[in-house]
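Note that the chains take the letters A, B and C in the order they are written out, and that residue 1 is the start of every chain.
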Amino acid sequence: MLNQKIDRRDLLVAGAGLALAGCGVGNSGSGSKKETEKVVKAKPDGDLVYFNWAEYLDPALIKKFEKRYGVKVRQSNFDSMSSMMAKLRSGNRYDVIFPDQSFAPKLIAANQLLKIDKEQLKNYDNVWKFFHDPAYDKGAEHTVPYGLYATGILWNEEKVSDMTGSWADLFKTDAKGKIYMLDDFQECLGMANLRHGFDLSTTNPDEIDKSKEMLIDQKPLLRGYSTDDIQNMINGNAWIHHGWNGDVVNLRNQVKNPEAYRFEKCKEGIPVGSDTMAIPANAQHPGTALLFIDFMLEPENASQNVAYFGYPMAVTGAEAAFAKIAKDDPAVNITVEDVQNGQQFASLTGEDKALWDRAWTEVKAA
Amino acid sequence: MSAATAPKPFDRPRFLPVFTGLFFVFMFAPIVIVALFSFNSTKSLQRFEGFSLMWYQRFFEDESLRDSLFASIQIAFVTMVVATALGTMLAFALVRARTRWAGSANVLMLIPLVTPEIVAAVSALVLFTQIGLQLSLQTVTIAHITFSISYVTVVVRARLAALNPEVEQAALDLGATRWGTLRLVTLPELWPAIVAAALLTFALSFDDFVISFFTTGESPQPLPVRIYSAIRFGVTPTINAIGTMMLTVSALLIALAIALPRLLGRRESGLGVLVGREGA
Amino acid sequence: MSEQRFATTLLVPGGLWLLLCFAVPLALVLAASFGSTDDLGNTIYGWHPENYEQAFDPLFVPVLLRSVGYAVATVALCLLIGYPVAYYIARYGGRWKHMLIALVVLPFFVNYLVRTYAWVALLADEGLVNGAITNVGVRDTGIKFLNTDFAVIGGLVYGYLAFMILPIYAAIDRMDQALVEAGKDLYGTPWNTFRHVTWPATFQGVLAGAVLVFLPAVGDFISAQLLGGPGTYMVGNLIQQQFLGADNWPFGAALTTLLLVFLSFWMVLYLRSAARASREAAV
């Protein structure tokens, strides 16, 4: 098989076949405004292609939705905003997606999200007033809020003690090899920014450089980068995990010793944000998607979801469910005021995004 | 020098068989574990609690997993048929043609063999997105065919080169057309190689992860991609059940590849064809 | 029709497919590697050779060195493990030769992911192996197997061992036994016989196996992802991250092109060596 000599001229001829194809073919990626303003009625028009974080919506609710409307929900998961964007960019078509408040503006600006006709959502009045005109989506034309979150640190009390309520806890040497950071460029660089006292979403190259160095220095202490904080804590691979407030509640629901698992917010600064539900402009079943969003805005369903994943949802009628959780553990509490006043990840574009991406790739590769 | 020479450490019967035995233990241990725990009655991957078929049951009750299984089979089948046809024709051309085109085609055919899967996957992804083709089962199939052709060509070519061209010549002299000769003389002789190549292609496509991962659409996804998601996002022993089933399918295919030529009356086994092609 | 015409006709379907579905995409990747991205991460073609500058700065080279390092270690281990096994089966397999080789190949047909994942289950901190160690009392706490360089190399070895064994087996099988017998008489010790007779006769098989293991191992990302830790990033992971994680296809394309060039270099070297060897053998 491998005995043939390669003639240099043969290679050139073969190579000539490679050369000319690349000119001029590109894909636009940006949609037209018209596509986003399609008229869609909320009714079942096929199975729902659902794209969300893993373990971020009660499976019982999915079954309930399937039964009520006689459709199937085809689930896919992403493990970071970047992977979500990558899959969208690859041309995959979804019906409902869950971008956070730093990525939603990008999608809106590129005409990638369907305009949501509020008339089609019976339960829209349940949405908290604050989200009827949020900064990331003027007039809330393209998104509906989902969960509110804050980033902090989860830990296992049976394995580590003397946590100090500071981001420095992610650098504890006595937990070396049992620490995980979130596999997300904004969360990690943001944490380092806060620890240095910089702005959460600074775009100053020197500051980003310092944060990058801090993360590289941290690497020998880490077990890995992962957004799967729930599973990593449960299977014992992680004693300390960079993670989100609701996940500790979700994880407590799954283990035999819930008291062992704790969450803290950090004094140097708390990144907060909100996730949203949105319908891509090229969705093939937008009617079902509208029904699904409406379904999640029903107070009974929202409450059930809150109890499952531990985050407050911006739906009137679900506050009681979250208040109960927050009473048991004030550390996971987060309110609209927190979201309004807290530090949020900015929607980075252009040079700034390239700066952050570059720094993150260097951290990963070091 | 007497015939009863000193003991030869390297050849000493004890070392090599023991070493080989350990090797097989090492190779099969994880597979045995996978198969074993696929019958576990609990979720645990550390302790075997009891015998149960629940994970297989769960697999067959899960519509999307069933869809993925059929998707993988469908992709592998189409890939097998198309790649074997194209590859066999290419093998024939490369062995018999002496033109400039044949030389370039040979190079073009060899490159996929040494291209790392990730490069292959990335280039397929770029192709599909740039021409605006939505990712789907079809795109996965196209990508699989592209990378299977070379395997088929190499396996068939080795066999073809060893054939005696005089039989074909005799057929032509007796008035057969080129196509007729191909069909009635050459192909039957090539049959073990073609079958071996076809089954190899099926197995490789069915098992493929990297290329499928980059070129798959959303639903249904080939089985290995589902396995990856399950590993990343929450593991259940259903993965073990899937793995065991895939192992059984692959084992059957290998058994077929080896036995079929023998069963059809050939002197050599398909394995000889496959193995004979390796090495310089 | 003439044989040449007939043969060339048969060349067309396969050749055309490869051209359109393999060669053209590679050209697109090359073109994309000179492009840039817009805000959503879509590729815009242009002339930005800085993607390659980026690839050559301290970022890419250590990752490539690490990948090559792992791949070389993998080849070495595969050789150390694979050669004796191939030798045993080829020389002493007898009637069972074919079955034994089939057994060697069989695990290779279990999905790579499932096999690697099985090792994750086995080697986890609270997995079976550590369970055995602590129960037997060898140690109090488990050993951290996973998320280390060794785990990644182990995963690579496990994944590619069959590629090393098959060519060596074929070479040994083909070897003329009379040569070995003569060698034993001539060289006395088994070690010398091996060094002067067996090894050179099977060297081409070893080389083929080394190439078949090295090339895919360098570009592998699954072992590093499932078995490795933050410090085991390989070229494959980097490329995967650029395409499916970060928003930078042009940079990913540049890395892909560089990887392909790097590996093609070794492939061409190997082919020249093999061609020379077969020329010499024919003499």
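Quick note on the criterion: a residue touches a chain if its C-beta (ideal position, glycine included) is under 8 Å from a C-beta of that chain, and two chains touch if they have at least 3 such contacts.
In this text, all values refer to a predicted model and were calculated from it rather than measured experimentally.
Judged by touch alone, the chains other than chain A, held in their current positions, stay linked as one piece. Centroid distances from chain C, each centroid being the mean of CA atoms, peak for A.
Across the two candidate interfaces, A-B and B-C, the one carrying more C-beta contacts is B-C. The centroid of the Cα atoms in chain A and the matching centroid in chain B are 38 Å apart. One finds 16 Å separating the Cα centroids of chain B and chain C.
Annotation for chain B: residues touching 2 or more other chains are 108, 125, 130, 235, 278, 280. In chain C, the residues that touch at least two other chains are 19, 23-24, 26, 28, 32, 124, 126, 208, 243-244, 274, 278.
Counting partner chains per residue, chain A shows two or more touched chains at residues 2-4, 6, 14, 17, 25-27, 89. Taken together, the chain C residues at the contact with chain A in this complex read 19, 23-24, 26-28, 30-32, 38-45, 54, 58-60, 62-63, 124-126, 144, 147, 208, 229-231, 233, 237-238, 241-248, 268, 270-272, 274-275, 278. Contact residues on chain A toward chain C in their complex (touch as defined above): 2-6, 14, 17-30, 80, 82-83, 85-87, 89, 106-107, 109-110, 112, 177, 185, 219-220, 222-225, 235-237, 349-350, 353, 357-358, 360-362, 364-366. Interface of chain B with chain C (complex): residues 1, 5-6, 8-11, 13, 15-17, 19-20, 23-24, 26-31, 33-34, 37, 45-46, 85-87, 89-90, 92-94, 96-99, 101-102, 105, 108-109, 111-112, 114-120, 122-127, 130, 142-143, 145-147, 149, 153, 178, 203, 207, 209-210, 214, 224, 227-228, 231, 235, 239-240, 242-243, 246-247, 250-251, 253-255, 258, 269, 271-272, 275-276, 278-280. Partner chain A is touched in their complex by these residues of chain B: 63-64, 100, 103-104, 106-108, 110, 125, 128-135, 154, 157-158, 217-219, 229, 232-235, 277-278, 280.
Those residues of chain C whose C-beta lies close enough to touch chain B in the complex are 1, 3-4, 6-11, 13-15, 17-19, 21-26, 28-29, 32, 81, 84-85, 87-89, 92, 98, 101-107, 109-115, 117-122, 124, 126-128, 131, 158, 161, 166-171, 174, 184-185, 188-191, 194, 204-205, 207-208, 211-212, 215-216, 218-222, 226, 236, 239-240, 243-244, 249, 252-253, 256, 259-260, 263-264, 267, 274, 277-278.
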